[in-house]
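Shared between the two complexes below is chain A, which pairs with chain B and chain C, respectively.
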Partner chain A sequence: MELEQHQEGNVVRLKILEKRLDARSADSLKGKIAELIEAGNNRIALDISEVQFVDSSGLGAIVSALKQLGGKGDLVVGGARNTVLSMFKLTRLDRVLRIFERPDEAVAALAR
Partner chain B sequence: MPNASSQPAPAPQLESVAPQAAAPPSVEDDGQQQKILVVDDVDLNRKILSGILRNERCALLMAEDGFLGIELAIRERPDLILLDIMMPGKDGFEVCAELKNDARTAHVPVLFLSALSEQANKIKGLELGAVDYITKPFDKAEVLARVRSHLKIQKLARELIVTNRELVKKQWALDADLRAAGDIQRSLIPKGPPSVESVQVAWRFMPCDRIGGDVFNLYSLDDAHLAIYVVDVSGHGVPAAMVTVSVSQSLSPLAGCTVRREGQSQPRSAIASPTEVLDRLETEYPIERFDKFFTICYLVLDHRTGRLCCSRAGHPMPVLMRADGMLTCLAAGGTIIGLGTGAPFEEEEVQLRAGDRLFLYTDGITELANAAGDLYGEERLYEALAEARGVSLEDACDRVIQSMSRFGDGRLPQDDVTLLAIEFAGPQAEDRQK
Partner chain C sequence: MQTGSITLTIDSRFDNVFLVGSAVNRICRAIALSDQAAYEAEVSVVEAVNNVIEHAYQNEMGHPVEVVVTVEPDRITFQVCDWGKALRWNGERPPPPVVDANDVESLSEGGRGLFLMYALTDHIDYHRANGKNVLTLVKRLPASGPEKDG
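After this line comes the complex of A and B, so read on.
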């Protein structure tokens, strides 16, 4: 899957450049985040502003990354479009993950 | 199955000329010496070819005219035929045409033996189905190169046929297994309507590949309560289906998840509430267990009173259509089972009245994409449900499937689709009198 990665202070901004975050792309996202965490990055801001569709596999990948951090860091989401945001709400993941309107806000929230 | 080989040999004179059954290229001789048939009326040509091919690891068969050539081709099933064009009686073109028209020999590659000047003949030969030609006078290196390459191709082709046949066999076995697994999965869903007067049900259960990650059920917990659930395991196909088997077992009344075991005297209090059931599933199915997570909608309906208690874990919201047509979604719940987020589940209670309908479904419906990439979505589903008010439950299900199929322009859903429709006929007489 296509990803763009920027180190901003102690925060990694990971931008997903795919339109669909589904069963096909979920595994590689999971793998990429696992790599980042293993390399010692524990503040990850996921920029999903390009994503137009997310299914339960995509959501699962994000949450399993959050689980992998195991409270020793944080993973937040920024830039969710309305359709994507409604999936987070429908599955109640908006109560589990911090979701920000803009990607910059997500990065800023972790930089504090 | 050909049976000739296992039968006692017939009388010798018959055996030598008995036509072989029409069959695809033989595979039994795989690994054996390959055979080359030379058909040429000129003795010298046969001798020259025989000399050139003497050191090749193959058997040489010689025919001095077209009639004998065809007979030998049918009987011996050579791997390659070197065929002269100009022959008395039956010329090479006729022989080639006959060989190509006979299922027993059609697959055997034919190389024409043609003089350099016969350009038109070469083309005609290729049109008749020959694979190549060898020019006369024979050049040893050319003959060897062409013969070797065509024998090699023929050998590979036969190997491919064998491999393909094995693949087809394996595919059959796999298909049979999948069908059997699909049948097992179908055994998890209800066989028919519940034997409860006040409740009618209809459903459409459509795994996208014979077997899938959706499952649902509806059964009596005691004499007053029905458990109703729809589950959607992440992914589809066999792995997801296996998890559905496990989950539906956990939810069976015998497993103690839906009915508490602490023998309390009041039968009703022994029914686990939806949130208790979801909590139990959350403990039982961490994602680490099967590398799968699932969404579920779980409801307990008191079919005597119409009191409904429901909760959901990341699952699309059940749609309640009141008898007057008003649609509401039952939102209470929590997040997907297996993620271990620790977030609590909530449940809500609703009083069903006579004629109220409840629709449970999986996201295979709302996430159906059309060619433009648009999703069917909740709005279209709600519209289809509203339009189906007043028709039977079965027809209402059909209307939804038709609406999806119109939207997708016949494109098949890429995910498993489940739709469960329930109608409450109203409280039973004894309860109304209370």
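After this line comes the complex of A and C, so read on.
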């Protein structure tokens, strides 16, 4: 999976550069986030503004990341378009995950 | 409106599923479904195809997954067909996922696929006959006004 990573203060902005977060790409995202957490990054802002499609595997990868952090850090999401956002709402993941309209807001929320 | 049927076939590999998903989305938009409704149809079919690859074919490539898309005046139907292992199917609608904001550990990583299929379609059915498994997903089309002559 193609990703772009930027360190912004104590926050890692991880941008997904692919259009689909699905069964093909989910494991790769999971692996990348695990790597970041192992390296001591525990504030991750996931920029999904390029993502046009997410299915249950993609949602599962984000849940996995949240669980890996185990309350010792935070992961937030920014830039979800309406169709993608509707999947988070339908599966109620918006109750455990902070989702921001713009990626910059997601980064700012963690930078405090 | 125009009606008709098309059969889309892919090999049982996750990296081919986007082909079926994208075609389904485009067909839905061609029959004037909203972007949201087209997206929902795409997710439900993708979940069904993923299930076939993972469960019916146990992640083994080299098997056909067939999706028959049928457009009728009041509905669009997707029949997702495979010749692998039958699913355990009780026809019961799965409950919405339990999400406790104070207990992230209890969240499940998987198990949302069937819930999404039910939530995003109007009718769902599964049967097996002569070694062929068919999962049928139906999405009703919004009623349109009476067609005018000429």
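As a working rule, the second predicted complex is superposed on the first by the 112 of 112 C-alpha atoms of A that agree within 3 Å, B and C clash if a C-alpha of one lies under 4 Å from a C-alpha of the other, contacts with A are read in each partner's own complex, and residues count from 1 in each chain.
The rule we apply is simple: contacts are C-beta pairs under 8 Å (C-beta built on N, C-alpha and C of every residue); 3 or more make two chains touch, one makes a residue touch a chain.
If you're wondering where the values come from, they're calculated on a predicted model, not measured in any experiment.
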| request: Label the relationship between chain B and chain C on chain A in the superposed model as either fit or clash. | output: clash
| For A:Ala23, is the partner it touches chain B (first), chain C (second), both, or none of the two (neither)? | both
| said: Looking at A:Lys67 after the superposition, I want to know if it touches chain B, chain C, both of them or none. Which is it: first, second, both, neither? | reply: both
| request: Return first, second, both or neither, reflecting whether A:Leu90 touches chain B, chain C, both chains, or no partner chain. | output: both
| task | Have a look at where A:Ser56 lands relative to chain B and chain C in the superposition and call it first, second, both or neither. | result | both
| request: May I ask you to decide whether A:Asn10 touches chain B, chain C, both, or neither, giving the answer as first, second, both or neither? | output: neither
| Which partner, chain B or chain C, touches the larger number of chain A residues? | C
| Among 206-214, 260-268, 350-358 or 422-430 on chain B, the segment whose C-alpha atoms clash with chain C after superposition | 206-214
| Set of chain A residues, in rising order, touched by both chain B and chain C | 23, 53, 55-57, 59-60, 63-64, 67, 83, 90-93, 95-96
| query | Quick one: in the complex, what on chain A touches chain C? | reply | 20, 22-24, 53, 55-57, 59-61, 63-64, 66-67, 70-71, 82-83, 86-87, 90-93, 95-96
| remark: chain B partner, complex, touching residues on chain A are 23, 53, 55-57, 59-60, 63-64, 67, 83, 90-93, 95-96
| What residues of chain B sit close enough to touch chain A in their complex? | 232, 234-235, 287, 293, 295, 314, 316-317, 333-336, 339-341, 343, 363, 367, 375
| Sites on chain C touched by chain A in the complex | 14-15, 17-18, 21, 35-36, 39-40, 42-43, 46-47, 50, 53-54, 96-97, 99-101, 104-105, 107-113, 115-116, 119-120
